[in-house]
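Below, subunit A partners subunit B and then partners subunit C, in two separate complexes.
== the complex of A and B ==
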């Protein structure tokens, strides 16, 4: 892990943001690396919340077919499908950005990480769009 | 949930954070495979996108499926809680508090996996 490959979390110059969690949402002086950091954390928090919601909802399966099959009817309604598209987008953004973070952390693409971030986010947008169409047209 | 910055590059973090970053990268790589399998098997190949109760039970009767799903749960829980730990550590707690956070999250992780395994057993019992 090369220590010289990491992006600075905060720019060396420019207005200082508030420290800690609140500072993530302060856009002042934020560069692309900072935006990538912010996006990764926000999507990550969202996915952690989803993971535990998912586990709670799966408990319906232990209540037998009536509870689960009733839930499926609700889960296939348009509002829930819209949430599925948001989930898919979050997974794609976090996963693809995570690949970039891993590669940069291992010192493999440090000089091209900004271009890589833009390319990966473009891929995430395209796949989320295609997946969204698939989600709304399946069945 | 990986930090955008390897801990080794953060002077305030110190070498003790490095295993966390390596763990995030390795578990993230494993998730690319396990999450991909989960999404394809549970959602993409199912016509409506969700299995009904009978189909879920049929699916879970395959031991290979149980191994893969439990492995997925273990890795995703580890990755998620390691990310939560990285976020909490950014608040600048004392080293003692950080140790407590690590211990607490380890308990949460073990409880999560135990819940998942118990849930699989309960689903098969309910069938």
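== the complex of A and C ==
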């Protein structure tokens, strides 16, 4: 430690991570468990939004075959299929991490939570990859 | 043998400056350029800032060797003890007070809420079950005692995202202390402590981010303790459920 040079009293940057609910979604400074916490919330909210979208789309059935057929054409387009892959990944991540949360949360494998998260996310990635290939290549 | 002095570099310290009663949304940071070496810690730099640049900068410290737990703060968003946290290699470092506790002044937070939570757990600060392996107590001392690893620095509470969104949460440190009572009751009935922690704002409020255990500078692992409280509480509930009105 040695000398210092002065440049005090100058406003600078914002906080590294905001407190409260907003801070849940800020990955800066988070470790693996915190990333798991963050990912579970993002996928959870995403799946709830999907559920409502799904109900809205099912309502097209009430508008007759034309409306439904038009939607199916859109649903088979590559951008929509990419959304299907994202949905599959979200389900896998949330579901498999949910198993980890359930096991660890009851104190069953608490000391192995990091390894469990890595292993389950590896499974999620592999299944999402296989599912993605299947979605894009199925006739 | 002569030693050459290590090369110094200049790091810009961006330090949070707030006082008790300030609008929580009104953020203010001051910057200070400090010459640092490879072994300079955050606390070294803060002491230099206060000594040479800004006597009004407030922070708390005592032992300089990670034992007193008073210099907990956030460095680039990550909690640590300033006395053993080296200055990062980047050109700029952001230093902020611990989160989830009210700021008294600059980097000093009010620890009262944090300490109060310990009282409920019975403050089990000395381990009776362990002694230092291979050690020989000095003459006149019957045996060596090993103190609890928790140094009550508040870092776990700051790192916890749940504590950040719900101040009613008891917090990781108090729950870890409660588990110590269960592990080592020393003649006490641990039942009341388990029942106290078997609450939606205690053990069941944890959402398993594991940040407390990762951030703890003493290796206390509060998250695992919380999960063990849960297991213990769940077992007790199951026993009560299937005891058909037996002993509660």
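Assorted remarks:
Going forward, the second predicted complex is superposed on the first by the 121 of 139 C-alpha atoms of A that agree within 3 Å, B and C clash if a C-alpha of one lies under 4 Å from a C-alpha of the other, contacts with A are read in each partner's own complex, and residues count from 1 in each chain.
One rule holds for everything that comes next: contacts are C-beta pairs under 8 Å (C-beta built on N, C-alpha and C of every residue); 3 or more make two chains touch, one makes a residue touch a chain.
Predicted, not measured: the structure shown is a model, and the values here were computed from it.
Of the two partner chains placed by the overlay, only subunit B lies in contact with A:65; subunit C stays clear of it. Legend: residue contacts after superposition of the two complexes on their common chain; A:48 is shown touching subunit B, with no touch to subunit C. After overlaying the two complexes on the shared chain, residue contacts for A:30 are found with subunit C alone; subunit B is out of touch. By the touch criterion defined above, A:135 lies against subunit B but remains apart from subunit C after alignment on the C-alpha atoms of chain A.
Contacts of A:78 after superposition: neither subunit B nor subunit C is touched. Legend: residue contacts after superposition of the two complexes on their common chain; A:111 is shown touching subunit C, with no touch to subunit B.
By the touch criterion stated above, A:101 is placed in contact with subunit B and with subunit C alike.
Comparing the two complexes, residues 1, 3-9, 19-21, 33, 36-37, 101, 105-106 of subunit A contact subunit B in one case and subunit C in the other.
Listed in rising order, the residues of subunit B touching subunit A in the complex are 1-6, 8-10, 18, 21-22, 24-25, 28-29, 31-32, 35, 44, 47-50, 52-54, 56, 76-77, 80-81, 83-84, 87, 90-92, 112, 115-116, 119, 122-123, 125-126. Against subunit B, in their complex, subunit A makes its touches with residues 1, 3-9, 19-21, 33, 36-37, 40-41, 43-45, 47-48, 51-52, 55, 58-59, 61-65, 68-69, 72, 75-76, 84, 91, 94-95, 98-99, 101-102, 105-106, 134-135, 138-139. Subunit C meets subunit A in the complex at residues 8, 10, 12, 14, 16, 27-37, 40, 44-45, 47-49, 52-54, 74, 76-78, 92, 94, 96, 99-100, 159, 161, 164-165, 206-211, 213-215, 223-224, 227-232, 234. Looking at the complex, you find that subunit A touches subunit C at residues 1-17, 19-21, 23-24, 28-34, 36-37, 101, 104-108, 110-111, 113-114.
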